[in-house]
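Structures are listed in the sections that come next.
Across the two complexes that follow, chain A remains constant while its partner is chain B and subsequently chain C.
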Partner chain A sequence: MSDRRRINGPVGATIPPVSEDGASREVAGSRGGRSRPPNAIRKMYLKTGVTPSASGSAYLEIETSGRSGVSGLKLSCTVHGPRSLPRSSPFSPHIILSTHVKYAPFATRQRRGYLRDPSERDLGTHLEAALRGAIIADRWPKSGVDIIVSIIEGDQDRETSKTQGDESWDLMNALSGCITVASAALADAGIDCVDTVAGGVAALVSDKGDASPSIVIDPIPSEHDRILAACCIAYLPTRDEVTNLWFKGDLPASDTELYTKLVEKGIQASAKANRVLVECLGETVG
Partner chain B sequence: MATSSGTTSVAIPGQLLGPASKFQPGPGTHIHNANLYSSLLGVVHASQPAKPPGPAKRLTKITVPTQTPAELPTLSVSRTGVSEKREVLPEVGNTVLCRVTRITPRQAVVAILICGDTVLEAEWQGLIRVQDVRATEKDKVKIYESFRPGDIVRAEVISLGDQANFYLSTARNELGVILATSEAGNNMYPVNWKEYMDPETGLSELRKVAKPY
Partner chain C sequence: MASTQHVLLSPAELAYLHAALSLTPPIRPDGRAPAQFRPLVAETGILPGTNGSARICFADGTEAIVGVKAEVERTRLVDGATAGTEWKEGGSARGEGEDDDGGDKAGDSDWVELTVEIPGYRDDDAGTAFLAAMLSEALLADGAFAKRLWINRRFHWKLYLDVLLISPPLSYPLPLLSLTTHLALLATRLPRLKSEGDEDPFFDDDWAAARHLFPRSSSSTTKESARPPVTLLVMAVGNNIIFDPAKEELAVADVALAVSVAEDTTAAATTAATMDLDDAAAPAARSLRLLSIRTIDPPSRLTPPGVPNAANSAYGATTAQKQPEARTAEAEAVEGVWRAPRGGAKPLVMAALVQKVLEKGGVADEILDALDAVDLG
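Let's look at the complex of A and B:
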């Protein structure tokens, strides 16, 4: 651990042991099975203006899947600026975005460090790409804006063992939440945007009962046996433009249109999240 | 500024406000595909163009009535009511209030505090070069006879400047030092266009004095 300035917690999992009585076995048995229709996203709660000291802020919560031990996604985003650039930086005719995404140390099953690790940096880069397409950057020359997203709860099933499920799929859900919450915070901060951008995830999953893999939106990795591929889309609904596309996984070669279908479903998920965003922003003013 | 009835509504970024052929874009809006869209979260205001001053004169010649862009109402989205905080960027032509932080023989470095009537949240740095201090006898200007650190200066933005500074000018009568402190630490009052006087010690100090409104 390179962080020597703080007293760090123990490295590694800090999950209390789950005793194997009847109830827990039942929970384990009922694992899997998606409780929603394949084209429905989970309920989400979005609120702006939660951090008084920031120029703009927002809080996003996505409900859990309803079982005990499964946490939802909780994100808090603060926007600082527009403010002047540091003296060392060169002249910029447009606003300079800097995005930081950080998991809280307790957000996931595997405890996170205080410093940003490569996956968090990766999320920050994707978030910046998604927001840059939505911002009218030349309204604010010579300025910078900091967008900081804290992931308070990381949308993970704490009862599955470490080997089950791949954490890399969780990053997709986290990114789509980050995009939606950052968009709300930017609007709250009064930074010019061409549209509200929201994130959506679609995945190609295969379950034991099904003959062929199917496409679902807003997937929870622990609810499916296997995720073959997933894509996270940042989409501007009134412009009908995609500002960021992150695709991961392997598609079966049999269906050539599968990729397009997956992207379309991702856009659909994003459009649904955007309805929440629009509602929330309307409440902010009204 | 007349607000037409029924237009005070809420807009979110990306919301369609109307065709660009019927409205002029104001602050907080942008044009895409010949349509006017909101780019901020806020309240929509429509302001009618100012009528030409004076009573309508008797027609002395017949002109073809043309719909010039200036006759279109301007739509703007403002953030009043959303939040009290309002960050603005100093623009060329704005009058700003600033505090002098550092002087050198060639320039005075200032911190911009107020832009127009808005108190700025962030700190923006400005620069008054020796040739921009006053309009006449520019070659005889000395920075230390015009500004001292701690003075409050009313100035005009003349350029977006380089990476760090806005370029400001005080080359007008009503621009210059409006609040100055003497070497003894007392607030001084202006006596003429280039002197401030300390009421307690009676000593006068040189400044580029702003003409009182």
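Let's look at the complex of A and C:
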């Protein structure tokens, strides 16, 4: 028996019409293009000590790409601890790190739920690997620290109505931001590290105009036609060590030089982000 | 989980293991060569209710089962597409390279769902999510896999891969799960399509006529002689590179990487053209593609440090009691006393690890050859 009291919508799903005016089509067609030189990262704003109740905190904002409708990355990180572990937990000779990365429900084009989804858990694991190499863990036996990164605004182009497969690449940009902001927050909390770790991304992109693919650092997926491969690196500059390496893409194995170059550029991007980080921490101290 | 699970080894044992593995050539606890895998037993087609299944049992007793199930799903149309535009799921990542053949044959990474189940761990555990992300990332990296699931412009196959570890995780299960997934996908068959064009799909009900998702050694479809990727676990101790580490070996690793590689389809096409229907000779000219690399957080960072005799009060050291700050001060590294590694790995070491995986006639080649020999039923 169907419901006759209310006026119901059609049974099947319908798709609302989307009108595409000429201007937006043109923008989507040309897709902007990169305005920076290939080895320049976007400007970033970093500030520590933004959350008074946490023992350490930091806020990171990365510049938008200059086009309207494209949002930059906005991250906030809080560090709680080091604090003693509960009595019930087993003895640990090292500090126990727990990292949480969460997109705000409104951060991306598609709404995210309040529960962490697998990709966010995955980012948390990457972040933990990156930070664990930097922290001098044996100075705090029997203690734990919580590192919580919330992504307030994802790095996404809202103008383009079409999905372009950017999201999997966006994760890399988000991770590099997470590493940098978490490192600043750890320093703010006064947790000893061997060095400040910062994240950097490099990508192998191919654009319509160019014949051969080129390597750029800090890529914005919507500015390029295709991203062939990308890598995100967490790097300790004074020790010249990599704590986390995440590479994704499709490269012929015969050409390892391409891969080596990509990693080199990733390290370069990370070193640039590290300069901002060190300057910000210097301001706080001075 | 898993990579950081608790290792019940004393600092003295860890120091011994580390020293043994740093020798040239390294001496592994189970007597293997540095690039030797654990012996394994593999079979396919063990689950009659699935489209494809496989079981692999490693010699150390870890065992995994993978079942692949396929469902027909309607491809959702978004963005008010007009004639000739794409059909796709909203807001999902696309496989790239969709313009390669015919233009309209596009895949979507939403068409594959991979879950990993490890006994003793919650399924929303971060480590389990990491494993699942790693396996599906390698599978979808080249964008060609999702394209295989395309039926017509209105329908596609949705593939569910369920990866089950049925033994307790005695070692980091990544290589095991990856090899089992690889075999299960090789054995996967989908019913033959009888309908044509964009009409509702209608399939041949004869299972014997079903085609493989990854067709093998057919000279007519050389383009499709691809195989799913494999993910290898490789670690470095001192100057040595060690493949497929057991749990104890991973506990003293300086750095551990998971590297996913696949066979290069374009190169395979040229070899298949010269020697048709000869699958034994094809691997000779195999070339690989690098799909993904992830750093695995080595459990060595969580191991307890040893106390050198100079600082041990049982051996007459008195400094520890008198000056409490001396205890916390960084002691010099003493030969033979275990200390958890600190910091990361040199970029050159990481590059060497990747190079070792990718080299011609290396471990990746050996693994792919060995998996070739498994009867797909």
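By definition in this document, the second predicted complex is superposed on the first by the 251 of 286 C-alpha atoms of A that agree within 3 Å, B and C clash if a C-alpha of one lies under 4 Å from a C-alpha of the other, contacts with A are read in each partner's own complex, and residues count from 1 in each chain.
Heads up, the rule we're going with is that a residue touches a chain if its C-beta (ideal position, glycine included) is under 8 Å from a C-beta of that chain, and two chains touch if they have at least 3 such contacts.
What you see is a predicted model; the values in this text were computed from it and never measured.
Trainee: Here chain A is shared; do chain B and chain C fit on it together or clash?
Mentor: Verdict on chain A: chain B and chain C fit.
Trainee: On the superposed three-chain arrangement, identify whether chain B or chain C touches more chain A residues.
Mentor: Result: the larger residue contact count on chain A belongs to C.
Trainee: Could you say whether A:133 touches chain B, chain C, both of them, or neither, answering first, second, both or neither?
Mentor: In the superposed model, A:133 contacts chain C only, not chain B.
Trainee: Going by the contact rule set out at the top, does A:282 touch chain B (first), chain C (second), both, or neither?
Mentor: Once the two structures are laid over each other on A, A:282 reaches chain B alone.
Trainee: Quick one: is A:40 in contact with chain B, with chain C, with both, or with neither? Answer first, second, both or neither.
Mentor: neither
Trainee: Applying the touch criterion given at the start, work out whether A:194 contacts chain B, chain C, both or neither, answering first, second, both or neither.
Mentor: Both: A:194 reaches chain B and chain C.
Trainee: Who does A:104 touch here: chain B (first), chain C (second), both, or neither?
Mentor: Once the two structures are laid over each other on A, A:104 reaches no partner at all.
Trainee: Scan A:236 for contacts with chain B and chain C and give back first, second, both or neither.
Mentor: Both partners, chain B and chain C.
Trainee: A:271 in the overlay: touching chain B, chain C, both, or neither? Say first, second, both or neither.
Mentor: neither
Trainee: If we overlay the two complexes on their shared chain A, which of chain B and chain C does A:50 touch? Say first, second, both or neither.
Mentor: neither
Trainee: Just to be sure I read the superposition right, which of the two partners does A:246 touch: chain B = first, chain C = second, or both, or neither?
Mentor: second
Trainee: Look at the superposition and give the distance in whole angstrom between the closest pair of CA atoms, one from chain B and one from chain C.
Mentor: Scanning every C-alpha pair, the shortest chain B to chain C distance is 6 Å.
Trainee: Determine where on chain A the residues touched by chain B overlap those touched by chain C, and list them.
Mentor: Of chain A, residues 92, 134, 136, 139, 194-195, 236, 239 contact chain B in one complex and chain C in the other.
Trainee: Using the touch rule from the top, collect the residues of chain A that touch chain B in their complex.
Mentor: Those in contact with chain B are residues 49, 55, 81-85, 87, 89-92, 134, 136, 139-143, 187-188, 190, 192-196, 236-239, 278, 281-282, 284-286.
Trainee: Could you list, by residue number, the parts of chain A that touch chain C in their complex?
Mentor: It comes out as residues 15-18, 92-94, 109-110, 116, 118-119, 121-122, 124-126, 128-129, 132-134, 136-139, 161-168, 194-195, 226-228, 231, 234-236, 239-254, 256, 259-260, 263-264, 267.
Trainee: Can you list the chain B residues touching chain A in their complex?
Mentor: 10, 12-16, 28, 30, 32, 37, 39-43, 79, 81-83, 85-87, 89, 121-125, 160-164
Trainee: List the residues on chain C that touch chain A in their complex, please.
Mentor: 77-80, 88-96, 109, 124, 126-127, 129-130, 132-133, 137, 141-143, 257, 261, 264, 287-297, 301-305, 328, 340, 342-347, 350-351, 354-355, 358
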